[in-house]
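Can you read through this structure? Questions will come right after.
Labels A, B, C and D are assigned to the chains in the order they are written; within every chain, residues are numbered from 1.
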Amino acid sequence: MSAPFAHHFEIRLHDTDVAGRLFFAHLFRHAHDAYEAFMRAIGAPLDALIRQGELILPLTHAEADYRRAMCHGDRIGVEVQVLELRQRSFSIGYRFLSEAGEVAATALTVHVLIAQSRSTTPELPADLHAALANHLATN
Amino acid sequence: MSAPFAHHFEIRLHDTDVAGRLFFAHLFRHAHDAYEAFMRAIGAPLDALIRQGELILPLTHAEADYRRAMCHGDRIGVEVQVLELRQRSFSIGYRFLSEAGEVAATALTVHVLIAQSRSTTPELPADLHAALANHLATN
Amino acid sequence: MSAPFAHHFEIRLHDTDVAGRLFFAHLFRHAHDAYEAFMRAIGAPLDALIRQGELILPLTHAEADYRRAMCHGDRIGVEVQVLELRQRSFSIGYRFLSEAGEVAATALTVHVLIAQSRSTTPELPADLHAALANHLATN
Amino acid sequence: MSAPFAHHFEIRLHDTDVAGRLFFAHLFRHAHDAYEAFMRAIGAPLDALIRQGELILPLTHAEADYRRAMCHGDRIGVEVQVLELRQRSFSIGYRFLSEAGEVAATALTVHVLIAQSRSTTPELPADLHAALANHLATN
């Protein structure tokens, strides 16, 4: 069991709307950036997966809860954990933290494996499964 | 009781990722476009609400389920309905339909009123409440 | 010689930044939306071109001049014209007009044909060339 | 005279279109991220400037030249320099470099000071002018 993977970013001008807060849809873009960084860190970079064309992992669900406004210039940390892990799907949890350590938002994405060809079994490869298992939340 | 409000858009090149499908986070941008068009249609355009500065309606929750890929050039219809309506909050439901009428995705956003000044009561204005009530889903 | 092709859109909440104005980079997204609508109108929809895989038309240059702020809720018209047309490249000009008809911004994109295979000649197909020629600006 | 300020980012899934390349408009988003990082580094963070409300520096011009495709997973460095510096305007130049050091794109943005109130002189503050002067390109 390891500490959550951490990704950092800063709220940029284009992230905010006229009300001065992070536009809600952009949270999902940042969540996916954290997911990409996480997948690279565990040895399964998305760009390689997509180029190899053996694994397609489309999202089937996404959700977020917004608790505190994130404003232009704020530095945000994202903790990434695997919340659920099955044979051909997994869900990723995200906690967006302010510099003071307060939870500004949480998010969840569900990814389901689709086999690209009939010949491949629709099951997560053993090494990817093991890498994700290392980051399962323990709650 | 009225038919759902309908908004239409086309999947553009920048909506899709290298896998050729609508990038999941962009669904929320399109949902919000549909919400803006809906609010304008019921007489409560967001830009006026924000300029008047009396009503702030930040999202506290958003979620989406993805069922079918939406690809570059696809023309999508979005049905918008009010799913829940309370004194100071409401939730909006979205159904994304292909031209063939198949549900490609659904989404939900929850909006909660925040009073900008202490003097205003944190309650949805009667006319906005009534306008939203006209679009409450019946099921 | 025909009147410029016209595309319309509305400035949405997510288009604006905390200063209340269209974030400059989003102008290019709207320009490309206008370009996609234009290409469809002249019989060369981008999605079909990309799926057929015979024509790749990457941008080699883009530029914009910003004259007046475009704000949340503004309805903008975009006039699209072909400014230059060569054997394997063309440039598209955009004029962003307010409802009052004032020029809020102008933009320009340059597209150059790349042949995907050695067997195809790197030259714009005759029908596309003719369709673009119909929309050449005259001044 | 100092070396160019450097900003780094990675091409994410949402940056690319179905053709597998950075969508051209997103280059400007990344250029602005580099500009924000640069302004913070020279002691003039944009968020503070906007909050203080004394300085508004809207873009009046932006342009980019695209030389090499930037693809999902590519790590890009951006060199930022001040290309021109006047009393109430300046232009920023960007060079986007691949990991191999090849120029993938260049960009330019022009910023012009607008005084928010009649009482303030429309002139760049002396300290900002000096900070920008330190990063003037020498060519």
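Going forward, a contact is a pair of C-beta atoms (placed from the backbone, for glycine too) under 8 Å apart; a residue touches a chain by one contact, two chains touch by 3 or more.
From a predicted model like this one, the values you see are computed outputs, not experimental measurements.
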Co-neighbours of chain D and chain C - touch as defined
A, B
Taking each chain's centre as the mean of its C-alpha atoms, which one ends up farthest from the centre of chain C?
A
Interchain centroid distance [CA atoms averaged], chain A/chain D, Å:
28
Geometric centre distance via CA averages, chain C-chain A, whole Å
34
Note: chain B sits from chain A at a C-alpha centroid distance in Å of 24
By the touch definition above, chain A meets two or more other chains at residues 13-14, 18-19, 23, 25-26, 29, 32, 50, 72
Which stretch or stretches of chain D touch chain A in the complex?
10, 12-14, 29, 32-33, 36, 45-48, 50, 71-73
Contact residues on chain A for chain C in the complex?
13-14, 16-20, 23, 25-26, 72
Residue ranges of chain B touching chain A (in the complex, touch as defined):
18-19, 21, 23-26, 28-29, 31-32, 50, 56, 58-67, 69, 109
